[in-house]
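Every chain is named by a letter (A, B, C, D and E) in the order it is written, and numbering of its residues begins at 1.
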Amino acid sequence: MHREEFEQIVQAERDKHRAYEHHINVCTALGCVAYGSEKVVDALEAEVKERGLEHKCKITGVGCLGLCGNGPIMKTEPDNQFYQSVKPSDSADIIDHLGKEPVKRIHLPQNSPFFIGQQRVVLSNAGKIDPEEIESALAFGAYRALFQAATEMTPTEVLREVTASGLRGRGGAGYPTGLKWSTVAKMDDTIKYIVCNGDEGDPGAFMDRSIMESDPHRILEGMAIAAYAVGATEGYIYVRAEYGLGIQRLKKAIRQAEKMGFLGNNIFDSPFSFNVQLRLGAGAFVCGEETALIASIEGQRGNPRPRPPYPAMSGLWGHSTLINNVETFANIAPIILNGSEWFAGIGTKKSAGTKVFALSGKVNRVGLIEVPMGITLRQIIEGIGGGIPDGRAFKAVQTGGPSGGCIPQEHLDTPVDYESLRELGSIMGSGGMVIMDDTSSMVSVARYFMEFCMDESCGKCIPCRVGTAQMHELLTRFVDKEATEADLELLEELCDMVSQTSLCGLGQSAPNPVMSTLRYFRDEYLQCIAPAQEPA
Amino acid sequence: MTNTITIDPVTRIEGHGKITIEINDDGDVTNAHFHVTQLRGFEKFSEGRPFREMPALMARICGICPVSHLVASAKACDELLAVRIPVTAVNLRKILNIAQMVQSHALSVFYLSAPDLMLGMDADPAKRNIFGMYEADPQLARNGVRLRQFGQQVIERLSGKRIHPNWVVAGGVSDPLTPEAREAILADIPEVKQITLDALKWFIPLIDQYREEIKVFANFPTMYMGLINPDGSLEHYDGVLRIIDADGNHVKDIDPRHYQESIGEAVEDHSFLKSPFYKPLGYPEGIYRVGPLARLNMATRAGTPLADEALKEYQSLDWEERQSSFYFHYTRLIEILYGIERIEELLNTPDILSTHVQSLANVNAAEGIGVSEAPRGTLLHHYKVDEYGGITWANLIIATGHNNMAMDRGVYQTAKRFVDGRKIEEGMLNRVEAVIRTFDPCLSCSTHAIGQMPLHIELKDQNGNVLDVLQRD
Amino acid sequence: MVRPVEVAPPSDDKRWRIINATMRRYGYKPHALIETLHAVQEAFGFLDDASLSFVAQRLNVPMSKAYGVATFYHFFSLKPPARHNCVICLGTACYIKGSDQMLKSLGEAYGIEEGEITPDSEFALLSARCVGGCGQAPVAVVDGEVVSGLTPDNVVAMVREKINHAS
Amino acid sequence: MPDKVKVATVWLDGCSGCHMSFLDIDHVLLDIADKIDLVYSPLVDNKDFPDMVDLTLVEGGVSSVDDRAKIIKIRKHTKLLLALGDCAITGNVPAMRNRYPVAAVEERAYIENADVNQRPPSLVVPKLLPKIQPVHTVVPVDIYLPGCPPPGPVIRDALVALLNGQMPDVSPRFG
Amino acid sequence: MMPVKTFKIDGQDVSGREDETILEIARENDIFLPTLCNIAGLKPVGACRLCMVEVAGSNKLLPACATRVQEGMEVTTNSERLQKYRRMILEMLFVEGNHICSVCVANGHCELQWLAEKLGVDHTRLNYMFPAKEVDVSHYRYAIDHNRCILCTRCVRVCAEIEGAHTWDVSGRGIEAKVVTDLNTPWALSETCTECGKCVQVCPTGALFKKSRAVGEMVKDGQFLPYLKTMREVDNA
């Protein structure tokens, strides 16, 4: 396929899109669906039909528009107006006001602080395209990067671009993506695999879900580019079974991409072939760990195994395997299209690009945001998030889920990048950001995460299996205010021991929430120590 | 108004117990009880365990007489296998059980009761113990220690461990006796025999000094129960389980497999220790005693030469007099003598060094009952298993339990005679404890079902208000 | 015991065809185990011994391994489902807004613990580590439908209403 | 005799096997009689725990409210507390009841396996704790001598070391 | 030809083939490293974490059983920190199950008990969990007491790797994990068990035992494994 052919297809889709005078994009990602956005879509469609505007006005169910706490959210184009908390009964008014002054009572102004400071790279098409129609995605540039890479670049050039961009893994640890790709590319293996980790498991995190629900093609495209770069022919997307909508849309996307020839054999009539299969998780957080995820794809218990060997050397069925998470793959197409320099210019020197966060908890504006790295926590929480509701005071922000930590007030001006967060005893993690106010007990938050880790421990290695249960028991004593000083000492020893000796990341990082709360909120633990027992 | 005196803990007994004595306004004792204050739950938590684990598990009921539990339990397990075990195994088990009786009796007499008998019931409590006795008569104390040591060494030489050996197993014992062990034991026999004879010589003159105590130390007619050989000689392992009445008449030979027809168990609100009773007479009329007193009141002869002589001398006492639990001490010494002689005899049986000491089989019966004579009396283990040999149910009747009613009643009898509620003196209370000591209650056994027994004396008024407490806590 | 080469499904229920189709799609390879168990659970609502045994034998997976996999993943259930179920989200956002209290209220109201089914098989109380509805926290999923606007005080009434509405 | 070392032994929820093993030091018990004063023990008659004891050997786990009150009090009046044997250190066999509720244990003993007055005792007897606990989970313990029971020689060596003012250096094993 | 690496363990110069592990070389040189999940003859799983060692230049501890030797590496096997962690691991095993050594069939022949003695574990500060675990005595020759299982998975591996029956596997997860036969069926009803008894012999504790054994009588013999492996290789060669 030549560039002209491809451009023709794209142009045709673009023309189709432009044929409509108005577009009304209603969010149909999980959050807004819970608020009844599907009924809004029905009502709008009925209204359009009744007025005979079917050819002028297109109603599209789109992916996430961000402000999940105020759903259903919708956006009109080309006048670019946002509406929030839309009800089916608002339909007539919305259509009346198309191309005019927006409907005041539900209007969400573009200059709302929620939008200020956000920058959409990963989510650039979310909210614009119909995630269930590949045509819609094509109109907004989907698969152009793949086309470019597979037909106009050598694998080495692709690797060079990704490496030069400074992109780091968005799954949490921040391993340089280019380095990971190069390692797999260099492996002398006849079969190589690409695995997309969509087992987003941190409680309080829904970035990957939103991407899968909003722009599944972006993920497939990223995987395909990776496959081209490292010489893989098979790919797996491993998604948690709980993400029904995301799974459904990914399945559709794979089918459509195969039909269009963007996946399968001889993509764009080149020698490059790449097939993608979807694999469902079944409710095991530990499968977010690379080796456990591989075991799970192989149909086994999700038990991690010691590394080395790393998956790059010996992964799925013993073959060289590249594993990245959803958001990492979603960054690839923009890098190829806009160049590594462009990408490296976003964010900070060591942490390039943007990061998607799921902002939740005790914050005024709850939702999905994408910000350049280097933005401060204060800008996110007070600016985009609009501060703490009900006149309460901010206490801490939890990042990194069960592997992360709680960051207190005094560090709010810290820039969000991998190293800074680590220095504070937390981690970037996959992007959960939970805000806590002065009513939250940090001890009980620590216990909450420990309970999570205990439930999710695979049970293979002793420190994690028993250590998490022991720490949970100790934390329960603190929550019940029955702890002793010896309990505190033991808790700290366990934190050290479990983090040092556990087999995989789950156990190694399980003590993090405890250690970080002990670091910043030790007083709260001390207050839970019961006075010494007197003989009866 | 009633006052209650509490003795807590009862000391120099094997376990935790307390005594309460109620006193009216005139200072007269109106009631008294013995309480066992611990419960441990063996009958429950043995559920699901493989039956072969039972002997060792059940031995943990008691560190004083673990062997009796091993033996009773292993006998119950033999029944589950439905096999006859090798004669050598039987004899080795007998030696072990008798050795334990020797050490336990030595403990009771010398470590626990001799301080009362030798130094006097009213002696300084701080001195009234094995150390005080050692000061007063070093040789007697050393003899007592030696006697106990002999028993423990026999156990160790047979089984490799003094306390909680695992050697007695379903179907026999796990290892044969070594010739070296046999020689070593035999070499010690003359010395311990002499020690025991000396001890009897020391004890018998004491009888006259304790006439008052003898009258009230649980001195009342009861039935007696215990194992006995059909020829009327002493037996602690085999034999028949016999009950005689308060006049010494044969009442019944109980088939252990149907013990539940003859023995019932009553619960008293104030004690974790249950009170077994002879069912045909009902509760509490079915009171009986077990242990050395019962065994020697039932036996027509001991079965070994020196013990036969000693028994003859004991039986020259009036039958009525021999109803006093004070004579537990006397009979204990005779049994030590018998034990030493019997160990010697058994070690000289022809096949004692045979290596065929265990019958192997799988579970072949759903229910097994094992009986043995513990130092303190009859011990009964009763198990039910599923088809695979997992325990589904267990019941234990332990020696001290059989004596529970008699102890309770003896406490009342003694308190009534010695305790003056207007002016409580330590020596009075010590006598109340001493009556318990005659029974040598093994309260770790008695509390197999849960719990322990400190001694606690409480003085309470009629309304149950505690006025005074003498207790060890 | 001689095992038949061709393993027959446990019954002639038509749903086994779907499951067979899933296995066929993966060439009856052992690695199809999880996908096949998903298919069984979707078809029958839970995994019983007969289905586990059938799938294990058909895919040449040791039975103990199939059982190990089925019990490792919380998504799979070895017990028949209740008629109605309520999943309380225990994700961080929901938790700090009191979802543990909601779980407690429901548990008390229905007399069951988390993870249990009422004796009449009417109601199951479950929890999820995160349903991804953090924006609406705290949320519950009642019979598959996300419910928001909950508090520990109103959750029992809200859930009852939802269930009664459904049946 | 103020220079004698004051020693106490206590028995909580155990089988007395550790006390018996203590007696298994045999004549050594009499040999050290001039060095120690056994001020409180099931073997002697003092019913009140003395004001301050140099060394207390404790056998058995903490099973009832009485046990708990007792060990807390003893700890206050003891310089060195030695946990003697597995029951004190791990709960051991008595802790096998911990998997059952107390009521189930009582039911088996006093209702199912009884004929008269089928009900659990309730007067005078102490309340049982839901779970038997090792001693050191209730009060701090200074020395541990595991074993079921720890053999006589181990106890002897530990005592001799302590009498010489040294911490015992023994490594007995559980069981 | 397999290249040979020279390196140091506790300052001692040692050498090993590149496919050998630190543990194998340590054993070869009589350097003690505690292990529970590892047993010569079965694939290492790196689960018990007892054989963790320090390697100069790496801030992570590495399991000696699953770490291949490398040229010039400097291994420390017995630092104070490692000793502390190892003791805590043993404590964890003691509190996780109901290890009543005194009444265990393997009393005196148990690797866990032996290691506790060797590493000086005389009590545990962790909280005993007193779980209610089952005992399966259904099999006519063998039994399993889950109270004593430390989930080392030696039984699972010997059954799958050596006997080839794969009767055992692990079910559940985390603290609820337990080994099962077939579909968690009573052992006696297992269709796949060949009754070979290998699982019993490799079990480090009294969890798996012969029913004919009473307390303290279950002596294990895992020595047959290297023999089986070697003989198999000889026959296949």
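The working rule: a contact is a pair of C-beta atoms (placed from the backbone, for glycine too) under 8 Å apart; a residue touches a chain by one contact, two chains touch by 3 or more.
Remember, it's a predicted structure, so these values are computed and weren't measured experimentally.
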Report summary line: Ordered by label, the neighbours common to chain A and chain D are E
Query raised in the report: From the centre of chain B, which chain's CA centre is farthest?
Result: A
**Report entry** Pair joined by more contacting C-beta pairs (A-E or B-D)
**Finding:** B-D
Query - Per-chain Cα centre nearest the global Cα centre, belonging to chain - result: E
Query raised in the report: If you average the CA atoms of chain B and of chain C, how many Å lie between those two points?
Result: 59
Query raised in the report: For chain C and chain D, what's the span in angstrom between their mean Cα positions?
Result: 50
**Report entry** For chain A paired with chain B, centre-to-centre distance based on mean C-alpha positions, whole Å
**Finding:** 74
Query raised in the report: Between chain C and chain E, what is the gap in Å from one C-alpha centre to the other?
Result: 34
Query - Per-residue multi-chain contacts in chain D, two or more chains - result: 69, 73, 92-93, 96, 99, 148
Query raised in the report: Mind pulling the chain B residues that touch 2 or more other chains?
Result: 57, 60, 164
Report summary line: Where chain E touches two or more other chains simultaneously, the residues are 102-103, 107, 125, 127, 170, 172-173
Report task. Flag every residue of chain E that touches chain A in the complex, lowest number first. Result -> 45-49, 52, 61, 63, 66-67, 81, 84-85, 88-89, 92-93, 95-96, 125-127, 129, 150-151, 170, 172-177
Report summary line: Listed in rising order, chain A residues that touch chain E in their complex are 284, 301, 305-306, 454-463, 465-470, 473-474, 486, 490, 493-494, 497, 500-503
Query - Touch list for chain C against partner chain E, complex - result: 1, 49, 52-53, 62-68, 71-72
Report task. Using the touch rule from the top, collect the residues of chain A that touch chain C in their complex. Result -> 30-31, 33-35, 68-69, 71, 200-206, 209, 241-243, 279-285, 296-302, 358, 360-362, 366-368, 398, 401, 432, 434, 436, 440, 445, 448-449, 452, 455-456, 458
Report summary line: Listed in rising order, the residues of chain D that touch chain B in the complex are 11-21, 23-24, 26-27, 29-30, 33, 38, 40, 42-49, 60, 63-64, 66-67, 69-70, 73, 92-94, 96-97, 99-100, 102, 104-106, 108-110, 113-126, 128, 148-149, 151-152
